[in-house]
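Here the chain labels run A, B, C and D in written order, and each chain numbers its own residues starting at 1.
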Amino acid sequence: MLDSLALAVSVPLIGALLVTAVPGRVQGLGLLAALATLATVGLVTAEVWQQGSLRSDLGGWGAPLGISLAADGLSAALLAMAALVALAVSVYASGYFSRGETETHFWPLWLLLWAALNGLLLAADLFNLYVTLELLGLTAAALGALTGTRAAVEASLRYLLVGLLGSLAYLLGVALLYTAYGTLDMALLGAAVRPEPIAGSALVLMTAGLALKAALFPMHFWLPPAHANAPAPVSAALSALVVKAAFYLMLRLWLDVFAPLVTPWAAGLMGLLGALAVFWGSWRALRAERLKLMAAYSTVAQIGYLCLFLPVLTALPAGDAREDLLVALLLMALTHGFAKAGLFLAAGLVQRSAGHDRIDDLGGTAQHMPATTFSIGLAGIALIGLPPSGSFVGKWILMRSVIESGQWWWIPVILVGTLLAAAYVFRVLSRAFNLEPTPRRFVTQARTEVPALLLALTSAAVLGLAARPLWRLLGFEGGL
Amino acid sequence: MNLDQLLPAVIVLSSFLPGVFIFLLKEESHLLRGVLNMTGAIVKVLLVGVMIWGVFHGHVYETRLTLAPGLDLVLHADALAVLFATLSSVLWLVTTIYAIGYLEHSPNRSRFFGFFSLCVSATVGVALAGNLLTFVVFYEVLTLATYPLVAHRGTPDATRGGKIYLAYTMGGGALLLVGAVWLQALSGPSDFVHGGFLSGLHPDVWGQLVAIFFFLLAGLGVKAALVPLHGWLPQSMVAPAPVSALLHAVAVVKAGAFGIVRVVYDVYGVGFADALGLLTPLGILATITILYGSGMALTQDGLKKRLAYSTVSQVSYIALGASILGPIATIGGVVHLVHQGIMKITLFFCAGNYAETLGVHKVSQMDGVGRRMPWTTLAFSVGALGMIGIPPIAGFVSKWYLAMGAVEADAYWVLLILALSSLLNAGYFLPILYRAWFRPPPKRWPEEHIPAGRFETMGALLWPPLITAAFCLVAGLFAAAPFSPLEWATLIARREYGP
Amino acid sequence: MMTSLLYGGAGVILFALGLWAFLVYEPLLRKLIALNIMGSGVFHLLIAIAERGALAPDPVPHAMVLTGIVVAVSATALALAMGRRLEDDDDAR
Amino acid sequence: MRRAGTLVIGALVGLLALWLLWVLRDVLVPTPRLAELALQELPNTGVSNPVTGVLLAYRAYDTLLELAVLLAALLGIWSLGAASPGFQPAGTVLRGMVKLVVPLLILTGGYLLWVGGHAPGGAFQAGALLGAAGVVLRLAGDARAGLPPVPVQRRLAVAGAATFVLVGLATMAFGTGFLSYPPAWAKWLILTIETAATLAIGVTLAAAYVGGQPVPRSGEDGPL
């Protein structure tokens, strides 16, 4: 009996243990573990594709006593995105870190983070989610400090503390839920939860904790320094995956567990915070002096974008329109994941090549690395939401739903967000055109440039043109 | 999938794929790059030729890719699409030859020609777009592909021009997107059809339809350089001459004007648009733009700037044609889409030749240039006279049909506008011709890059304007021949107004 | 019932105290202690709900607390190590 | 200003506490809960201590991940640089006490590990005592807190999670599913896991206390 769900968590975990125990072969073993993890995730996705959803009772106990793992289209899609991004990050890291200390420290933590991510996306138990959240937070903070600079350690420490605060708020919520309903399984809770004060308190506490981890405005303050000072492959993973994981969990709680409690006002508040995040994050990204800081602020804005879906989603009745919107939300999250990872990886190369990443002085570097500049451009297209990126399709469906649900006031938010994103992306890209001599060739360092380029390309072209399988994966009409 | 379903996609890809390969080429592979460029251009023209033949014989060419439920990417070849696709692919072939000559010895050619190819792919995509979603997609891709060309030179001026270009086009794109999405929310997913698909909607939403029209118009008006959205066009004159030619005659401005035509005829339907009272504001906007552009052109000393303002003015003839209810005016507007293109590209090629050969950038430096470069100046004269509307050059045909259409629709004020505009056209073109032919040449040219040899300049620079000038004459002289732009425009008008 | 409320209430109050201290005080050590107090508050609540009424104690919250303690220890250790690293940097200047 | 901020935060936090107290006031009734089910299934777990049953049978997966959390903390600490040199060697009296206390701690740890199957105790308590032994040694002047060389430390630190996950995979391979112990083997599998976990926890805690990869003594293993 092959339990693909358990494998998706244990394979990266075993990889982490292996590279910890055998530090001499860290790179080879690490890449091998990355490939193996991708394979297990492929298995999960394939099974979800065929069967719709998966559930595995670990230890054979089953809910409510034991812990279960579960996968549906939403988690499978994010799992697959995480695996592809993580593989690209792994290949990139194998070329980015010079052999030595940093590499020895990077791989075990990185594989642990991946295991935590898969664990989080597959968990069906609220307390188990707490453990995966903590594992994710600890590994993320430790990885963020890997550059060893004072700024990085300081930012990561803050990240760690904020993450702990978020986890504790979440845990208190879990304790309240167990008090009231006597179970930790999400499906059972979803059936049991009633609109009453204790469930409402749990929702508020857990949402607040997760919003802190997802860096939702105004709780985003820790993100930019932490993401901007981490080594490039880590920044990519933090911005593309870790933050998304917290948002995913929040979405799961709102849609699956607490659905009876979610009022239009609560969803509207999330949308409002999202709108503020779009404005503030984009504005700061536009004013950022450093490329990686710009990318980090852009993440704040993108999380805001995702929150804009919530009020519209709650306003729509169950049916095709709501399903389309849910897929659009997923598509947006996936696109941003690929795009942000590609952007950070490319930014890392620029930083390494130029010795800095001040946007105003990037001219020559951009000119010498066409492939990397292209990656930034393609990722930028996806961040702005221009066609044919996945976020364009997502934005189109979002705007259509906004109009159909009569909440037209989100339209200006979306437009302003788009234009500000265009402004900060092209502020960087315009540095690529200057009087420097001709570049030597398109790709100069395949091992690092190609992963970034592929990620960016996926976000800018592939996802938008080939989004239809997502409907099928989520089990909705309108798929293939 | 049979071939008819693939052809539109293949036509778009025929320049896209060479473009991608060109990016990957080493900078030194000039020959291979040239071969790729020319192959793509020639294949595209041939394929479009096949399509013309097919459309004429009633084939339906349609590529459809479903992005999401209700979101179809549709490439569909109707008569209007084929008209624009032919224009852009033929002119692209000519421009490619010109650009290869023009950019010899300059840096970053892989990047330039890569985006150059993407640009024309996007334009053909705009031409063949079968619904608003597809139109928006290629319209935005066009912005993305042209920005690097505008900023290509990398000078502070070019960077600034690029920035302004982006600011306008991105803003316009956002408004267009709102309009398109809003429209879809009202009407559901709909493809372009002759006569539009909105007239069946409930009168309650007519108010919304009016608002949507202005969103769409604002988005399209930016690229079509309608006043007051034209500010980017003169600024982007910093780009190399082939790019200017492309922007003004083939791609960007044309895409905007083409979009207006599409929205008026195939989304709203000209009759329904008239019923909603949308045509009058469009006509007023076009009129203002025509007069303003011509007026500004009068005062410019920079040759390319003068041409740029002339474009602002001339492109609005197309919008003007669309704003008059009646088949003859429609013919005039649509045919001007082609005629303006071939005339304006001739002028830009010539301007590039003057700059590249003699370093002449300003009108005031053009004294006697006709004696040094008679062939180029001949081509320039054909284009300029055509713009004024002198028979038998193409521009005359457009203006004639516009005027007739105005009479048919009892819109006599249009005649006045046409007369005034032609006077202004003459006012800024004739002095150039006078200087070029009748003033004595200076002792030294500002910067003589290419000495006079067997030809007055390089062959790759000389032939393109001569060819396009010939087009201008042929399109005017043989306007009544089958497959002429005029015949094609007549076909379109007949389908729009129906039996 | 009353005892449970007493213990559980104490947990809530510990949590609130910790939260307040975390938000108000700057130094790392105080923040860390505050977090641990918050954690203890949650554990307190869990222990309290494990023993409601006269029934046998519920082992599930107990196990959750044990797991939670190990997680808290790990996180505290990492945070302390980072803090020490920063102080070493200060000393080196 | 600052004082005002403190007060505002205090007021808000106080309100939160009051709200939660009000919410909790009438839900602290005996039901619903998992205890009955857990006690009822206990004979099938292979242990008779209900808490150990939850930790290593019902919710074994949590415990596995928790060992990973512990490992992550240690890896993070190691990545931050070398450890500080440590303390002065202890004086005679302290050394004598250490000689007494450390074996006692190890012995007690072993006992707690064994007893965990049927009474309060288990891997965490035992591991904590082992870690404490390391702390005592380090305080008494042993820079490496009595730990073996770094390569061995690495292997010991992963031993708990590795045994755990390998058992899980083995049960999956034998067809019972991930971490589903066959009843006949359950007791011994749990004991194996707990033993490995105890060692790993002890080593990890002690190594975390050292606070970085120890400076190698000359002639010994280098920093990896």
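What we mean here is this: contacts are C-beta pairs under 8 Å (C-beta built on N, C-alpha and C of every residue); 3 or more make two chains touch, one makes a residue touch a chain.
Protein names from UniProt, one per chain: A, B = NADH dehydrogenase (Quinone); C = NADH-ubiquinone oxidoreductase chain 4L; D = Na+/H+ antiporter MnhB subunit-related protein.
The structure displayed is predicted, hence computed values, not measured ones.
Participant: So, comparing each chain's Cα centre against the centre of all protein Cα atoms, which one is closest?
Facilitator: When every chain is reduced to its C-alpha mean, the one closest to the whole-protein mean is A.
Participant: When all chain pairs are ranked by how many C-beta pairs they have in contact, which pair ranks first?
Facilitator: Greatest number of C-beta pairs in contact occurs for A-D.
Participant: What whole-number Å value describes the gap between the mean CA coordinates of chain A (NADH dehydrogenase (Quinone)) and chain D?
Facilitator: The computed centroid separation for chain A (NADH dehydrogenase (Quinone)) versus chain D comes out at 30 Å.
Participant: List the centre-to-centre spacing of chain C and chain D in whole Å, with centres computed as mean CA coordinates.
Facilitator: Centre-to-centre distance between chain C and chain D: 16 Å.
Participant: Which integer distance in Å separates the CA centroid of chain A (NADH dehydrogenase (Quinone)) from that of chain C?
Facilitator: Distance between chain centres: 28 Å.
Participant: What whole-number Å value describes the gap between the mean CA coordinates of chain B (NADH dehydrogenase (Quinone)) and chain C?
Facilitator: 69
Participant: Give the residues of chain C that touch two or more other chains, as numbers and ranges in rising order.
Facilitator: In chain C, residues 15, 19, 45, 49, 60, 67, 71, 74-75, 78, 82, 85 touch at least two other chains, as defined above.
Participant: Where in chain D do residues touch two or more of the other chains?
Facilitator: 20, 24, 28, 33-34, 38, 58-59, 62, 66, 69, 72-73, 76, 80-81
Participant: What parts of chain B (NADH dehydrogenase (Quinone)), by residue number, touch at least two of the other chains?
Facilitator: There are none in chain B (NADH dehydrogenase (Quinone)).
Participant: By the touch definition up top, name every chain pair that qualifies.
Facilitator: A-B, A-C, A-D, C-D
Participant: Going by the contact rule at the top, pick out the chain D residues touching chain C in the complex.
Facilitator: 5-6, 9-10, 13-14, 16-17, 20-21, 24-25, 28-30, 33-35, 38-39, 50-51, 53-55, 58-59, 62-63, 66, 69-70, 72-74, 76-77, 80-81, 84, 124, 201, 205, 208-209, 211-212
Participant: Can you name the residues of chain C that touch chain A (NADH dehydrogenase (Quinone)) in the complex?
Facilitator: Counting only chain C, the residues touching chain A (NADH dehydrogenase (Quinone)) are 15, 19, 22, 28, 31-32, 35, 38-39, 41-42, 45-46, 49, 60-61, 64, 67-68, 71, 74-75, 78-79, 82-83, 85-86, 89.
Participant: In their complex, what parts of chain D are in touch with chain A (NADH dehydrogenase (Quinone))?
Facilitator: Interface residues on chain D, with respect to chain A (NADH dehydrogenase (Quinone)): 19-20, 22-24, 27-28, 31-34, 37-38, 41, 57-62, 64-66, 68-69, 71-73, 75-76, 78-81, 151, 154-155, 157-158, 161-162, 165-166, 168-169, 172, 175-181, 223-224.
Participant: Where on chain B (NADH dehydrogenase (Quinone)) does chain A (NADH dehydrogenase (Quinone)) make contact in their complex?
Facilitator: Per the stated touch rule, the residues are 23-27, 65-71, 73, 107-111, 133, 136-138, 140-141, 143-144, 147-148, 151-155, 158-159, 162-163, 166, 170-171, 173-174, 177-178, 181-182, 184-185.
Participant: Which chain A (NADH dehydrogenase (Quinone)) residues qualify as touching chain D in the complex?
Facilitator: The contact residues of chain A (NADH dehydrogenase (Quinone)) facing chain D are 1-3, 6-7, 10, 13-14, 16-17, 20-21, 23-24, 56-61, 64-67, 101, 104-105, 108-109, 112, 115-116, 119, 127-128, 131-132, 134-135, 138-139, 141-142, 145-146, 148, 153, 176, 178-183, 197-198, 201.
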